[in-house]
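Going by the order they are written in, the chains are A, B, C and D; count residues from 1 in each one.
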Amino acid sequence: MAQFHTLHDAVAQNIFDGDTVAFEGFTHLIPHAAAHEVIRQGRRDLTVIRMTPDLIYDQLIGMGCVRKLVFSFAGNPGVGLLRRLRDAVEEGWPHPIELEEHSHAALANAYEAGAAGLPCAIFRGYRGVDLPSVNPNIKSVTCPFTGEELAAVPAIRPNVAVIHALRADRKGNVFLEGITGVQKEAVLASKRSIVTVEEIVDDFGARSPNATILPHWTIGAIAQVPGGAHPSYAQGYYGRDNGAYIAWDRIAAEREVFLSWMEENVMKVGPEIFEIRTARLRQDGGAK
Amino acid sequence: MAQFHTLHDAVAQNIFDGDTVAFEGFTHLIPHAAAHEVIRQGRRDLTVIRMTPDLIYDQLIGMGCVRKLVFSFAGNPGVGLLRRLRDAVEEGWPHPIELEEHSHAALANAYEAGAAGLPCAIFRGYRGVDLPSVNPNIKSVTCPFTGEELAAVPAIRPNVAVIHALRADRKGNVFLEGITGVQKEAVLASKRSIVTVEEIVDDFGARSPNATILPHWTIGAIAQVPGGAHPSYAQGYYGRDNGAYIAWDRIAAEREVFLSWMEENVMKVGPEIFEIRTARLRQDGGAK
Amino acid sequence: MSGFTPSEMMTIAAARALKNDDVCFVGIDAPSAACNVARLTHAPDITLIYESGTIGTAPSVLPLSIGDGELCDTALTTVSVPEMFRYWLQGGRITVGFLGGAQIDRFGNLNTTVVGDYTRPKVRLPGGGGAPEIAISCGQIFITMKQSRRGFVEKLDFITSLGHGTGGGDRQAKGVATKGPTLLLTDLAIWEPDPGTREFTVTSLHPGVRREHIVETVGWEPRFAETVGETPAPTAEELEVLRDLHARTKAAHSGA
Amino acid sequence: MSGFTPSEMMTIAAARALKNDDVCFVGIDAPSAACNVARLTHAPDITLIYESGTIGTAPSVLPLSIGDGELCDTALTTVSVPEMFRYWLQGGRITVGFLGGAQIDRFGNLNTTVVGDYTRPKVRLPGGGGAPEIAISCGQIFITMKQSRRGFVEKLDFITSLGHGTGGGDRQAKGVATKGPTLLLTDLAIWEPDPGTREFTVTSLHPGVRREHIVETVGWEPRFAETVGETPAPTAEELEVLRDLHARTKAAHSGA
């Protein structure tokens, strides 16, 4: 049952040290504000799941929150590599992290299986490649009708899913549209969930009868954080801050630069900063 | 690649004796006009697949078009049993038909697997029941991670899918909304497809970015047949003709009554009759 | 029994068993009426889901089919049928599922497939539809059926959906973790599973019903709880809501 | 080589290989530019699909990520990521997929995972993303990569996505029915698989490129087709379309 909270309380009451947490959002609607709150609250030993780790996990890893990463593509999209993630994997800074690596198809299917209450997902994948030899969570099943061997991965069932959505209504139903990624599946696959939203409305009004809506009884905590996806974007609210993605490459290159940037831009501020950061982008990128 | 045809030509060029055909539509958007065209053209030995056979298959079966029925619920929704289907199964009239019986969950998953290019679907089902003992197409696989035994059914891959949709644009993209059932999956799972539509528009205009649209390159033949779902309905165009469903129970009760009804209402008319039949329902049921 | 019919009592007893925070998978007929009466009386926030994909519907009249347009028009959202069965039913999000059937046995196993032999049936019934998986995936199952010796049988001709199997721990032994049928609501009584044997046991008789009526309408020797209560008669409000709903429904369906 | 860069030649050669009725799974950078140049020149009806779920997009600038808002704004429709990988990619509806990588071998197998040992990598690369299944599910694969001895290696450190395996019938033996890499488009040449061995073979040199350039930039002894053609230089129209696209893209991304 959806409860409205401040972002601080939503994180404090739902994410604990050692939890398995999926922060999802596929380029669009990445829950940056929620991740920053997790960093501020100093969570440790998290297993974090995400198809495309992106800046958000570079920051969590660099700040020492992460014990294990489950992922399928660890890049800064269109820019390059994730330097804090590389530093942890290659140099063990700030501490070594464990990797469980999949393909996109595997994780997309694994979220889907989690949402569907299945213990595993099957798909046609991983043929002739090396990943199964380094990931024991890639197995196979044989089709009982054709004999075809299919790849199998365990369903994803996180303790907590964290997503950013466009809006919630007063009952706590959550609406998203555009590139919806695996967010619906991540919430349905998880025991608990935190949803940050751009706005809270009386009701969703005219919409497609098939709109992507998560009913309030599938949601845990909701916190209103305008701009909470920045530098990712919220369709119809503000555009993607491509400049921030490009700038990150330089910030993340050096440990000291990274730490001081995090101190200034995450540790010393609160979620309200996201509305300010997106003010400019609301004019060009995505007026409703 | 979508081709625009008359309904006559769409059926003549795409459905052949002995084909496996899925006419889908879950209460909403059932492709009655297309089924009547198949009956008029005298197709034989069809294997017909449908979750809820409904009037449409009572008619195909009673007219002798069907060799085998794959289904999960054979009733006249809210009214009773399907009397022509019963007559074929219980009395072999007009000839015996073969049944392959599943549950809704099994067929929904089997269509989904067909659309996804998989050879089979797995799901948690059929525990403690008798259907697996009479249907050899229900098997099981064991989850390689948890050891849980899951039900498995073969993917549905028909020769032809037949659906009724709301509209097509001039390129042949097809739009549906409301109760969309398994129609998208049925088209994507099939080698060929016939789509009847209420109208053909220049473009779909303002819509949800996540609207249910089948791109023109996934579609075979498109035929405009206004009212073509009657006595089923088309959301925003006309309402369900509940009276016709109730009346069917009496029509289908006796072979002679059935045959003369089919002669008058199917054999002697053409698809244009459907627009006339739905004229009244357009006023009450579903003005756009 | 004056002032209300046994059918009305059955529907209202089912409605009362539903809670405001329940998420119900609704079938047609009695379950649909019961769920909507609950919504219009003590459970305004109850979530009704029809297998056609409509989530959170609030129809003003009862649908004739599980996919009538009004279900979609009044729904929070409508999903595809594969998604309904995967994410919502199998995903374990439904708290209460309603089932009924042509035949039931004492353990709440149901037959909606055939009377007689499967390959040479006396009566070919509609089949399982959603029932086999509703029976195992919903948190609990409420069964509504009118009592008769033809329907309440010693042994089913075909097991379409699982209740408590052969009783005791058989359901769990078959790998099913959900509760199964916890209530059987008939035109004569309320039945609940015995905590040990899981056999359905009469716990409450509807007003005016005597034990003989139960014995006469059941094809096995029915068990009664140590203390059998009397089901409170429908209140004036309950009856009014149910009758208004049926009247609106009749007007809508015959008018269409 | 004057008037255009090797990168431009590579992108334009890739664009030319696309047909009007192709359905392309587009990656970022060179593939995105190639697909959009094709769309803006000889293949106006080509369908571009990005793994973020956007189907039939027509962006006016190149996206920085595969999920930029403009891809969704200009798409016919946008589906969820599980649906994209299940119905559209695995469903066999994509005719051409684009891949590239940090390392390629002579059979078109690719590495985007690690340089060095997997558990103690010298360079931890981004990983496979969609590539392992793009490589086996698309009708055919076009690879775009700039030639260098660091990238064109005798043996991959890690096989992220399958090309022709160990050559010959190895791909089919691994249970993969699609064609795999049919074109390798570099800054210097066009390579195609030998019909028998499936080893990539130079079939066309870009204007001004000599065989020594190929030998110098490849970590194995490269094979040349019996008749090696010369890739037609970019036309004025092709160059203009590509440069306009890059200029619009640069303005949009730096302005944002």
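As a convention for this text, a residue touches a chain if its C-beta (ideal position, glycine included) is under 8 Å from a C-beta of that chain, and two chains touch if they have at least 3 such contacts.
Note that the coordinates shown come from a computational prediction; the quantities given were computed from them, not determined experimentally.
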Each chain counted as touching chain B and chain C at once: A
Pair joined by more contacting C-beta pairs (A-D or A-C): A-D
Distance from the mean Cα position of chain D to that of chain A, given in whole angstrom: 28
Separation of mean Cα positions, chain D and chain C [Å, integer]: 57
Distance between the centres, which are taken as Cα means, of chain C and chain A, whole angstrom: 40
Contacts with 2+ other chains: residues of chain C: 72, 78, 86, 90, 137
Two or more partner chains touched - positions in chain B: 112, 116-118, 123-124, 148, 178, 180, 185, 209-212, 235
Touch relationships between chains, expressed as pairs: A-B, A-C, A-D, B-C, B-D
In the complex with chain D, residue positions of chain B that touch it: 1, 112, 115-118, 173, 185, 188, 209-213, 215, 217-218
Chain A partner contacts - residues on chain D that touch it in the complex: 28-29, 51-54, 63-69, 71-72, 78, 80-82, 84-86, 89-90, 109, 113, 118-119, 121-133, 136-137, 158-162, 165, 170-171, 174-176, 253-256
Chain B residues touching chain A - in the complex, by the definition given at the top: 116-120, 122-124, 137, 139-146, 148, 150, 152, 154, 177-178, 180, 207-212, 235
Chain D residues touching chain B - in the complex, by the definition given at the top: 21, 23, 47, 55-56, 72-73, 75-79, 86-87, 90-93, 137
Touching residues on chain B, where the partner in the complex is chain C: 26-28, 51-52, 71-75, 77-79, 81-82, 85-86, 89-90, 101, 103-105, 108-109, 111-112, 123-131, 134, 148-149, 178-182, 184-185, 233, 235, 239-243, 245-246, 281, 284-286
